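Think of it as A, B, C and D in the order they're written, each chain with its own count starting at 1.
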Amino acid sequence: MARPEPFVVLLLHCPLRLGLAADLTHFVYNQGGRILSHEQYVDPQIRHYYTRLAWDITEVKMTDGETAKRLKELIGEDEDTEWALHHSDTVPRMAIFVSKEPWCLYDLLARTGSGEWKVEVPVIVGNHPDLESVASRFGVEFRGFSVMKENSEDVEAEQLSLLDGKRIDFIVLARYMQILSPRFVAAYPNRIINIHHAFLPAFPGARPYHSARERGVKMIGATSHYVTEILDAGPIIEQDALRVSHRQSVEDLIRFGRDLEKVVLSRAVGSHIAHKIIVHRGRTIVFD
Amino acid sequence: MARPEPFVVLLLHCPLRLGLAADLTHFVYNQGGRILSHEQYVDPQIRHYYTRLAWDITEVKMTDGETAKRLKELIGEDEDTEWALHHSDTVPRMAIFVSKEPWCLYDLLARTGSGEWKVEVPVIVGNHPDLESVASRFGVEFRGFSVMKENSEDVEAEQLSLLDGKRIDFIVLARYMQILSPRFVAAYPNRIINIHHAFLPAFPGARPYHSARERGVKMIGATSHYVTEILDAGPIIEQDALRVSHRQSVEDLIRFGRDLEKVVLSRAVGSHIAHKIIVHRGRTIVFD
Amino acid sequence: MARPEPFVVLLLHCPLRLGLAADLTHFVYNQGGRILSHEQYVDPQIRHYYTRLAWDITEVKMTDGETAKRLKELIGEDEDTEWALHHSDTVPRMAIFVSKEPWCLYDLLARTGSGEWKVEVPVIVGNHPDLESVASRFGVEFRGFSVMKENSEDVEAEQLSLLDGKRIDFIVLARYMQILSPRFVAAYPNRIINIHHAFLPAFPGARPYHSARERGVKMIGATSHYVTEILDAGPIIEQDALRVSHRQSVEDLIRFGRDLEKVVLSRAVGSHIAHKIIVHRGRTIVFD
Amino acid sequence: MARPEPFVVLLLHCPLRLGLAADLTHFVYNQGGRILSHEQYVDPQIRHYYTRLAWDITEVKMTDGETAKRLKELIGEDEDTEWALHHSDTVPRMAIFVSKEPWCLYDLLARTGSGEWKVEVPVIVGNHPDLESVASRFGVEFRGFSVMKENSEDVEAEQLSLLDGKRIDFIVLARYMQILSPRFVAAYPNRIINIHHAFLPAFPGARPYHSARERGVKMIGATSHYVTEILDAGPIIEQDALRVSHRQSVEDLIRFGRDLEKVVLSRAVGSHIAHKIIVHRGRTIVFD
């Protein structure tokens, strides 16, 4: 297969400023870049601008460093301005954390294994040994940690060191049934993606399907979100829901929920890998 | 149009008992009844039986009173057994309570006005005069009440007396922005249907669309439920949800939400009118 | 209620041209206009640009004629370029065509009657007298036409003359069970909106719910589209679908379908009224 | 893990007969069986009865042969009656046919590999070698066949012999891009499950996502069905659909469609494995 053309993605949000969009597209054009996509959103209430601009750099002579320098001038500095430039040659490195439930892990590995996503998976971390065989099926290193109340600080320190050694960019909690400490979360701000098996903010915490059955809801849901210090309260990336009825037992809800969970988690991970998500003021902007 | 054939509906729940279903169908058959539909559900966890049995009584010689007497013998008595027999000639009488938002009221009146539902609407109660013109458009009596903290007890007493005088069977709160007292609720147990503009148990209480936008959810929902003493905690009858994104403002959510609200409320009301809902242990069984 | 601020909406599509978006926003800014929303889409395959730009003209001194003239210079001319400028003071005039089914008509009239849409309904046209009473309920003129094979040309001529006299801008076929001639369609290009009670291109033509039941599909749908010469083949504006099962009879499908039909039709009509739809090469671009 | 209790499933359809349901449940009870679930459906139009009855046979002394003999007496014979008894100890044997697209194969193997389904996969058949590595990842035998117009009859004969040798019960076409001959289909009546990447009957045949984009639909779908002689016309088991817009390219539709395809296929396969599907008159009854 021919090597795909190299491209860069600019992900930016800043206070709305007339002409900035034109300045950005002219800059790309003047460099010799070919715009692949340009998505924009303005929040009219707070007059804030969000954009994702991708361009082919085959014909671009400028180095990435020069490009970044020029963008810095164009965009300017401001406490409510953030941007990043991502090069298609830089493949993100994802760690997957698991406990005993296999479905989300299988779905993630199938997508990486089949080339659907351009991502590396250097390590799978488990707090139970159950899924080591799944990891080995896909040839991915598995690292087991036995976590208890007494040793949880030490374990997290070890895990952080492991992730650091593997140069991990972001972490996916694929039904990882362990709460991360604020210190751990702070090491990967907006870079830990969790799947919660309920339609947040309904049914946070443990055993949401049991609570859903107990409450008699007529739909169940799943929510993927970035992890923050507060449990199940981070910025929501993706949600979906499914009709159920009185006929479904808790076991049925768990079974039906699996497909929701894996699809909702994988959509979020796919958007993260493709640099389509901006987090601002506790909410996400997810470009199509 | 020819008068439709008369039929009765038995709505029953009781502890599971072998042979009861056969006894019921044989009873109908022996009377000369023609079974129109027979829906059954067994909750295997609590071994409880729920059924809705409808039969054409054109050829039945037995009076309703005799039928009820025989059913009583067949079904037996038990503290966890409840049943009711509904005759197609008895048209339920529905009161609608409204405030200022018209969309649910219009939808309910369009369905009654077009004959989609077999129901009478003797009165619309409003705590604001805004929707009187809608009521008069459909030729339905409108009764306005000015409710304030000081007079709420008196107003409820007047309303109960009004409903009693109109022989109201059940009440629909069509975006009625007033909390009913436990005394009022107790007068119509499992016979007051409310629409809440959120996916309960997420976002109970006031201004759920604002909360949804604030939280950054990716779907909005609506919930219809029977009203109990505890706000927004009654048995859920129907729910639905709709995908939204960062692009939608609170105003957009309110606009999109209208269609959800009216459809979710009307589905619940339609099921109630057709005697398809059983309430048991805080949950509903809603037959198709 | 205070008069809302006046605004204009530009709806434009043209071959992609660098800097056009900036030229448009600068033009608005230089006039003193305040941009309310700016939606853009580029089809990367055909390099075509689609945009909807709305701005508040409270502080704008330029007349609409001058604005149009300046836009003409900015945008230029091209056989694949089309644009229109809509002023918020110009209220569109909608005719509704009906047969016997009331639900879509009720839904349209409820939205116009409650002020949800800014639209005039000068006339309802029926090929059966059944819905005259609904029209009169909402105080709208009803004009009945008895259409037969022999007189259909004459009837259409009369209808066109009626619509012309009422200065109708667009027509909604709210379950109008009569096929319009090419001549009629040509008089209102991309200005006749139909609802088809199936998920097109599945089940075009008559009795789609019967066909759906016959085929054993597990979902039913509804499609709103602009009418073209070819039956049920015009540009699709909106679609939605609903899960069903073997348990639903044809009558159930018809009943469940009603809510789909009215919501799908009304979403399309709402987008048309708000000038959010561009038709290009047989497809629609519908801005949020 | 303790061995789960053995149970049997009766799947039956026959002309409606008063008392049959009671006879069946009494028969189970008299044997000492414990009913686990009992789902019933009557099609009122054709007065036909469909049921799935599952019971725990831990305490049952009767052999399966005796049970079958007694059921035969109870149910009787009729040209429109069909039934089968499935024992939980008999694990169905599934062959998977693939071409080049991996997502459905991965999803099927993840479910079998994780024990979500009780099924054996003795062989994967490919008409391209591309997915051999996926098969070997899960330790499943892969058999490649190079199919051309000239040799297709011979290849099918070889495949049938292979399937026969492996004692295959049913076949899943997991994006197998080859049309099976009537002879092949006849060897596995209602036992070949296909996934079509469109909302049938819309867009049968090749390249449905291209057709969907071309037609400008606002939702895409997927359909799983039993294969019959006529292409894409067999009894539908499961369907689902997803909203799309003008913003999605064909490539986006293909990408979004993957998740639909695998979920819709796997739901069908799961229902087949659990003996929840009855095919009658070209349609399916799928119990929950």
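The working rule: a contact is a pair of C-beta atoms (placed from the backbone, for glycine too) under 8 Å apart; a residue touches a chain by one contact, two chains touch by 3 or more.
Just so it is clear, the model here is predicted, and its values are computed rather than measured.
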- Item | Pair of chains joined by more contacts [C-beta pairs], A-D or A-C | A-D
- Please name the chain that ends up farthest from subunit C once chain centres are defined by their CA atoms averaged. D
- Between subunit A and subunit B, the Cα-mean centres are separated in Å by 42
- Note on the structure: So, in whole Å, the Cα centroid of subunit A is separated from that of subunit C by 38
- Once you find the CA centre of subunit A and the CA centre of subunit D, what distance in Å lies between them? 34
- What are the residue numbers in subunit B that touch two or more other chains? 44, 247
- Note on the structure: subunit A residues touching subunit C in their complex are 18-19, 21-22, 25-26, 29, 36-38, 40, 42, 44, 243
- Message: For the complex, give me every residue of subunit C touching subunit D.
- Response: 41, 43-45, 50, 199-203, 215-219, 221, 235-241, 245-247, 249, 282-286
- Interfacial residue positions of subunit C with respect to subunit B in the complex: 102-103, 106-107, 110, 113-114, 116, 134, 137-138, 247-248, 252, 258-259, 263, 266-267, 288
